[in-house]
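We call the chains A, B, C and D, going by the order they appear; numbering starts again at 1 in every chain.
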Amino acid sequence: MCVIKLLKEPELEEPILIEGLPGIGFVANIAAMHIIRELKGEKFAIVTSSSFQDFAMTVEGGGVRAPINELYECAGRYIVLYGNTQAGSNVGQYELCWRILELAKRYGCEFVLTMGGYRRERVVGRPKVYCAATDPDVLEEARELCDGVVAGNIYGAAGLLLGLGKLMGMKGVCFLAETPGFYPDARAAKEVLSVVSKFLGMEIDLTRLEQAAILTEGMLRDLLEEEEGRKGGIV
Amino acid sequence: MCVIKLLKEPELEEPILIEGLPGIGFVANIAAMHIIRELKGEKFAIVTSSSFQDFAMTVEGGGVRAPINELYECAGRYIVLYGNTQAGSNVGQYELCWRILELAKRYGCEFVLTMGGYRRERVVGRPKVYCAATDPDVLEEARELCDGVVAGNIYGAAGLLLGLGKLMGMKGVCFLAETPGFYPDARAAKEVLSVVSKFLGMEIDLTRLEQAAILTEGMLRDLLEEEEGRKGGIV
Amino acid sequence: MCVIKLLKEPELEEPILIEGLPGIGFVANIAAMHIIRELKGEKFAIVTSSSFQDFAMTVEGGGVRAPINELYECAGRYIVLYGNTQAGSNVGQYELCWRILELAKRYGCEFVLTMGGYRRERVVGRPKVYCAATDPDVLEEARELCDGVVAGNIYGAAGLLLGLGKLMGMKGVCFLAETPGFYPDARAAKEVLSVVSKFLGMEIDLTRLEQAAILTEGMLRDLLEEEEGRKGGIV
Amino acid sequence: MCVIKLLKEPELEEPILIEGLPGIGFVANIAAMHIIRELKGEKFAIVTSSSFQDFAMTVEGGGVRAPINELYECAGRYIVLYGNTQAGSNVGQYELCWRILELAKRYGCEFVLTMGGYRRERVVGRPKVYCAATDPDVLEEARELCDGVVAGNIYGAAGLLLGLGKLMGMKGVCFLAETPGFYPDARAAKEVLSVVSKFLGMEIDLTRLEQAAILTEGMLRDLLEEEEGRKGGIV
């Protein structure tokens, strides 16, 4: 069971589907959230699937939120897939991605862009961004903006949307930024989005993402020092 | 596969769906059973799902019962979901909850109330009751009657019915009572039902539930003393 | 996916569905095979399910058999469910049983009889036969022919057909014979069938089953003696 | 979900379905690839299933490939099932095989031929080829070309296509060649294809497969010697 509830008809012209679900380092999730905020995206559909977790999450103060995916229309050109979960089984993932691609196609979408984190033990300096694409032309374009190409499998919706999209006749590209992966990585999200915005010719201000990255880095540094302090105390 | 067999058309006006399936401490199950008994509920539908266990249970004397969920009409105002099992997979849970909500909606239901236990290592004195709600207005109302709000996820049908109900445009609230969770906790059920009845303006006599709670507590005390006696013997 | 392929229209009058799938000690399987042979049953349908194992079995000489269930018409009064497998998941079991019950109902079936083994560490003398039923009248009748009633759950198709049958308005009974369960137990099958034939007023010759039981017992005795001989040799 | 996308209508006359999916030693996969190349097969359908893995594979240089199955028309007489994966669950396998058989039947297919590896600790000399068949006539024919018959189960699509095909009224045969199974075994593929081509009266040049086998054997010998050299050094 996968139900898409349309909240309103979006106005879109040859839109590009941008995937931003939670994954490694929450890179895509953070980047998608930033696009939605900066481009004043409007939610036009909510998606639920029987492969999501069977519980409700409570938020501060006793509010209740269901595991959900949402579609936002941004700048009349992008459909951003955002949410707080991915499907928990491969059958569920296929159905979810298939249904979202079908809907996107109905609005004229012929291009899918997915994002994510590329797990690294240690990320030194600026996180590098890697790409992969279903089409040689697209790949060439993407490579010019990236530090290299993805080696290995692309897991979850980020990979599946490309493969299923191709079956539906859509071209697709994926951008992954290096990340240690164990915390929400705004720095990696910023690097991915920097490449994505160039690739798409998307005008977007990355200042807030840079601020979030600096904030996160500060917090991590404090944590690290504290830990080293404790270690020192033991010695 | 989820099959709802309608036994008769219930007479209901803007009914409220009350969930009472087995869960932590059987709190919801006991409370729902009490509502059905006191309000002389009439069974109007039985629900089976391929996600229930694939066996038959025997009861005393060789009778056979299937894993099942049932819907009761109570006082023309409530649909009580009662049963001896929940679905064993999240796909099954989604389908089951979805189908029950659809049916409830068909009878004009716009509000879902779920109940349950809130597991605690140790419950001191009267079990506290916590709430969560999908809607700020409802939450405010509920908080006035409770000791606090739920933190963390609400598992199973109690959580899912809220989330899916919201997607279908229904408001929802959940009440959880503290319970150690390892025995059928009539005390917790009484506390939850005490709040629920105030919240709904439901006229219901809780005497029998109080008696069951006292009985259970007596049995537990005996068990405890016996155990301590044995420990003493060893020393 | 559960596909029932009808090979021919059976001629049946208010038939009784008799379940004989593989289970503990192959008790039902052996008993059903005996009914089919003695009553010259005719196969009228084959059933396949995506919950059966995904392999083909080879038989002596290179033949290939699929995991399958079959329906036989016996004596114009019985539908015997026979096969070499049960479904491997509860979702599959529900679908399979549901579909078979639907078909049986179409032929006027209002009664389901299931059989099986009742696992015992040690079976002394004649294996006892226990019963369970969905209906008080049926239970009473069955108890008169049995050594007692089943306590605990009835797993697999033997249990599920009763529960789902009840939902479809069919009465049902289950007979289980004691068996150690680790070998095909013709003795237990004979005991079950002896009760079943009395219960149904089915005229059936149990000689061959008795012979098979004696043969099996001889083989087991030999194995046992051989083993004890070996143990003796070690001492 | 199992989606077959027809790329074009193949021209086929009473075609034979030949299975060549990845399995033990990639025997069928290599043999099928060879048939497609030598007979200049044309892809006419792509198949995706929600039971395939939920990721995209990247290939050298950043290209992206989805887990997929494909159907090729070869010489107007064969439908070759080729791909880079099998379904990951038995439910998925059943649906996939069923759908492919349905499609094949629509083109007049009445015969299924499956291939595979027969795992052996040690293969001495020419790998032996074993057969199994759903029909006595076919089995007799196949046995004359083989070293023996298959004992035990035939796993995956190779087995399931036979069993389900039989249910659909198609005859079927399976040829398995001995293989250690842990590397892509071109030698075993050649032996299987040698038997298959005789069985089908298929004119096909096996030279390239022989070359690949020699190449593989050379590489394995080098690896082995290197390893023994290392062992020697240790002693």
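We take it that contacts are C-beta pairs under 8 Å (C-beta built on N, C-alpha and C of every residue); 3 or more make two chains touch, one makes a residue touch a chain.
As the structure is a prediction and not an experimental result, all values here were calculated from the model.
Minimum number of contact steps separating chain A from chain C: 2. Seen as a C-alpha superposition, chain A sits on chain D after a turn of 90°, to the nearest 5. Farthest from chain B, judged by the mean position of CA atoms in each chain, is D.
Residues touching across the chain B-chain C interface largely differ between the two copies, under half of the numbers being common to both. Between chain B and chain C the centroid-to-centroid distance comes to 38 Å (mean Cα coordinates, whole Å). Averaging C-alpha coordinates per chain places the centre of chain B 54 Å away from that of chain D.
For the pair chain A and chain B, the distance between mean C-alpha positions equals 38 Å.
Taken residue by residue, chain B touches two or more other chains at 92, whereas all remaining positions touch fewer.
Under the stated contact rule, the graph of chain-to-chain touches is a ring, a single cycle where every chain has exactly two partners. Contact annotation for chain pairs lists A-B, A-D, B-C, C-D, with touch applied as defined. Of all residues in chain B, only 1, 3, 5, 46, 48-58, 61-68, 88-89, 92 touch chain C in the complex they form.
Here chain B touches chain A in the complex through residues 90-95, 98, 130-134, 136, 139, 142-143, 149-156, 158-160, 162-164, 166-167, 172, 174, going by the rule given at the top.
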